[in-house]
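Think of it as A, B, C and D in the order they're written, each chain with its own count starting at 1.
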C-alpha cells in the first residue's frame, strides 16, 4: 500500500514518537536487549495522541491533509473498491484527458459508471495528470459517461479530487467554462442515480462540475471549497491580500466536511480511519464501499422521474437569503 | 446580381453568339447604324441553342455546372429566399467553421433554422471558406442548430454544396468522421421537420452528413456523388486509374439530379431557370422558395412521431440487393 | 477562478466616474478609458454610452441597461426585496454588502422582472458589476433561477444580461452551489422549449460564465468584453506567463466557437428583437396573462 | 474519401498469403510484413495471428474472427443469402463482385448472426477486407442495419468488427446512403438501451468509419490499425504533403479521444466479455428466446 513518508506540521508530535519507536526497534535488533515494553507504551501514546490531534484539526490542517501526497487518489479507490473496472477514454471531440478518469466498474455484481479527477503521485505522473485539473475534454469525457449510465440505467459514481478546473489558455480556447456548465446541467437532468464523494480536494467549479449528485458524501478530512484558501487570502482585503494567511481564509470559508454537512451542501460525512485516509487506504476504501452499498440501493429504489425531481429540488434549495418586508 | 463571366466548354456556341451580339451592339453605338434586327435574330438563336444545350447536358457537363464559380452559394440563397436571417456561430467546443453557415431565418413569417456549406467566390473567400469543405466544428455547429430546431419545433432547412468534408490532419485530429456520423445520426432522430436541397456539389459523406432529411430536393443541374468523378476515375482500374477520364466516371456514377431521383435517393428535382442557376440566381431562389412553401407545410402537418418514423423508413429502404434462394 | 484583481471599469455604480478635470464642469464630460477621447455627456448618452471615436462600450447601470433593451415602462421588477445574509459568518461581509448596496443603489448584484421587448413578453435579468463585482452569491443565484423558472412556467423567453467577476467568495461553497442551481434551471427552461438568450458584457468571468451565462441557447457578447473562466491578468500573475493580446475577449470567444454573435450596442436591441420575433412568435401570444 | 490505393494487407481472403520462399514448405511459414520475422504457421495460429516478435496483428478471416470472439459453435449466421446487384449498371462491377466472392468465399464483405460471447447472447457482425476492400455497398449496409435492429428488437448487445476501405464506389450514391441508414440504425439500438461495441481492425476508413463504426458506444481498436476518414497515403498524394509518422493509427485516435481502448488481440475477447458482463447483465437473461 502507500507509505506515510511525509509529515504534515500538525503531525510533528506523532513523527517524534515514531522516530523514538524506530530507534528502540533498531536498538533491540542491534543490541539484543528487549525494549518491547517501552515500545508498547510509546505506541499507545502515539495512538492516543493521534486520536487527539485528528479530532481537533483546524480547517487549514484539513486543507493540508486533503492534499496529502500519500492520500489515496481516484484510481487507487477504484482499484480497491470495485471487482472489475474497464477504463474508457476520450471525449470523441478532441482528446483524452488524464486528469479525468472514467469507465465501467462492478461493485460486487452491481454495475456502475465511474468518473473522477485523478492526481499524480510522482513528478512525472503529476505532470501527466495535470495535478488533477481537468480540461474541457475531461469534462466532455465525463459527459459521455453520463450518457452511458443513463442509457443502461446504472448509477453514476463520481470521485471528486481536484484543486480546480484547468483555466489556462488552451483550456479557455476549448471552452472550459462551457464544459463545466454543461457537465452540471447534464447531471441535473440525468435519468440515472448519481452518487458523488469528495475524497480529497473539492476545489471550485471544477469539483462541482461532477458533483451535482443525488447523494454527495465527503471523506472526513476532505475539503470542499470555492477556491484554495491561499488564493482567497491573496485576493481579499479581509486577509490583507496576503496569501500566507490562507489558514485564516480556510477557517472563514468553512471548507471542511463537517461545515459543508452543517450548511446542507453535502449529505454525509464518511469517517476516515485512525490518522487519516493515507494511513490506511484499504480501510478508507472499505468505508466508501460500505457507503456505496448503502446509498446506491436507496437511490435505485426511487423511480427515476422522482429522482431527477428530487435532485433538482435539492440543489434548487441551496443558498441563504432573507426577504425584506416592503 | 452575379455576372456570367466564365464559360464552360459546352457553352462555347453560346459564347460565340454572345460575342457577335456584343460586337454588333458596339458597332451600333460607335457607327450609329441600327443592327437591332440582326441582334434580335442572334438573341433568338442564342436562346434556342441554350435550351437545346441545357436539355442535353452530360453528367460531366453537369459536374462542371454544379461547380460553376458564378453559381449562387448558400449565403446567396439565404439572402434571396428569407425575409430575415440571424447568422449564429460556433460549436461551443473548439471554433467557428466558415465552411458551414447556420442561423435562424424567416420565410414569409415562418421561422426555420438554416444550415449549409458555404463556398467562396474570390480567392480570399475561397480560402476563408475552405472551398466549402467543413471541419468537425462545422458539423458540430450544425448539430447545435438541430437542437434549436427541435427545441422550438421549427423546421430545419439544409443547403448542401460541398466537394467533400475536410479530411486533412487537423480535421482528422478533431474527429471529422465522428462529426459526420453524429450529424447523420442526430438528423435521423430529430423531432422537427427536416428539408434539404442539394444546390451545387453534393459531395460524399460531407454532403450526406446534413442530408438526412424528410424531403430532399436537388436543383436541376446539381450533382450528388459518392466522390468527385475525377477522383473516382483516378482510383478505379475501370477507368485505367486515369483522373482525366472523370467524364466517364461521372456518367457511370449517375450523379445527376435526374438519376438520383430515379434511384429514389432524392425526392424532387427543382428546375433551374433557362441556362442554369448562375444565369438567373433570383429566379432560382424563387423556385426554391416555392418548393419550401409547398413542402414545409406538408411536413409540418405530419405528427412528429410519424415524421421521425417516416424519415427512418425512407433511408432504411435505400439500397438494392437480392436474396439467393437457398 | 475569478479575476478579482482586475480593476473594475467603474469604481461606483457601474457607470464611469465623471471626468473631474480642471475647468470641465463635473459630470458633463467623460474621458474614454480606451482612446482617451473627451466625450460630452449628452453625446455619450445618445450613443448608448459607446465612445464615438473608438467604440469602447462603457458599462451601463441597471436602469440604463433596462431602458436600452426593454420597451419604455414595460419592466416590472420582481423579488427586489431579496436580501443577502452571511451564511458563513464571513468577516467583513456585512460591511461589504452595505457598501455595495449604497454604491449600486440596489439590494443585490442582479435585478430581474417581467418585461416586453418590441412587444414580446420576456423575463429580463440584468447583472450589476458595480455591486461587489457582480459576484454570484445566494441572492443572485436565487434570482437567476427564479427568472429561468418563471420563463419555463409562463412560457416566456428569458434574456439575461451578464456581468460578473465570478462567485461570491464570502459565501464560500454556498455561493458555488449557485452554479449548479442556475445550470439546472437553464435546463428547465430549455426543456420547456423557451428561448434563452444571454448577453455577455464586460466582464463576464468565473462561476457566472461557467454556469448560466455559457448555457445560453444563443449567446451574444458586447464588443471587446472580457469573457473567460480566469481573467488574463490573474493567469499572467499566477503562471508568470505573458498571454498574447486579445485573449479572453468577446472576439476571441467568437473565434473559438463559444459565443454566437458579437453585437455593437446600437444593434443589440434590434438583434434580440429579431431573435424573439423568430423564436418566440406564437408563444408570446399564447402565454397566459399574469399580473 | 477512401484510401483505395493503400495495398491490401493481403491479396486474397484477408489472410496473409503463405510464404512462398524457396525451400520453405508452402503454407507452413509466414513472413511478418512489419518486422520480417519468419513465423511458423502453428505458432502464429496459437498467437491468434499476432507476430510474436513485433506484435503485428495479421488480418483474420471471418471464420477466424468469429472463432476468436464467439463461444465455440455459438455463431449462427443470418442473411447469408443476400446478394449485391448492380444498381447503377457500373462497368466491371459484376466481374469484381464475382472475383471478391471467389476470393473471400462468402457472398459479401460482411457477415452477421446470433452469437454468444462467454455465454452472453449478442448479435455479432464481422467485416471482411478481402472482399472488395471491405467496402460498404447495399448488402453490407443492409446487413449492418439488420444486425443493429435485431439487437434493438431482441434486447441484445451488438458487437461489430469493422474493416473497410470505405464506401463501395460502384454503387455510387446508393452506397453512400448506407452511411445514413446504418447511422440511423445505431440510434435505434442506443435508444433501446443496448450496448453497442465496435471493434476497429486494420484498416477502418472512409464511409464505414464515418458512420456506424464511429458511433460505437464503446469503441475498441486493435493495435496499429489504420483508422481515419482519408488514409494518410491518399492525403500525402493529393495534398503533396508529408504527414508525421503515426497519424491515422489506433493509438493516434486514442490520443485524440476518438476510441476508448486499444486492446491487444489476446485480450480482446476478455475485454468484450467484461463489458458485456457489466453492461448487459440482466438483459441477457431477460431476452426473449428466439430461434
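One rule holds in what follows: contacts are C-beta pairs under 8 Å (C-beta built on N, C-alpha and C of every residue); 3 or more make two chains touch, one makes a residue touch a chain.
These numbers come from a predicted model, not from an experiment.
Among the remaining chains, those touching chain B and also chain D are A. Between chain A and chain C, the centres computed from C-alpha atoms are 33 Å apart. Rounded to a whole number, the gap between the C-alpha centres of chain B and chain C is 42 angstrom. For this pair, chain C with chain D, the centres built from the Cα atoms lie 53 Å apart. Residue numbers of chain C whose C-beta contacts span two or more other chains: 214, 256-258. Taken residue by residue, chain A touches two or more other chains at 92-94, 173-175, 178, 182, whereas all remaining positions touch fewer. Chain contact topology: the protein chains form a pattern that is neither a line, a ring, a star nor a complete graph. Here the touching chains pair up as A-B, A-C, A-D, B-C, B-D. Across the interface of their complex, chain B is touched by residues 1-2, 4-5, 81-85, 87-88, 90-92, 107, 137-139, 141-142, 145, 167, 169, 171-181, 183-188, 191, 206-207, 209-215, 228-230, 235, 239, 243, 247-248, 256-258 of chain D.
Partner chain A is touched in their complex by these residues of chain D: 190, 193, 195, 214, 217-218, 254-261, 271, 274-275, 277-279, 281.
Those residues of chain B that touch chain D in the complex are listed here as 164-165, 167-169, 171-178, 180-182, 184-185, 188-189, 204-205, 208, 211-212, 224-227, 232, 235-238, 252-255, 260, 263, 265, 312, 315-316, 318-326. Considering their complex, residues 84, 86-96, 104-106, 109, 111, 137, 141, 148, 151-154 of chain A touch chain D. Within the complex, the chain A residues that touch chain B are 92-94, 136, 140, 173-175, 178, 182.
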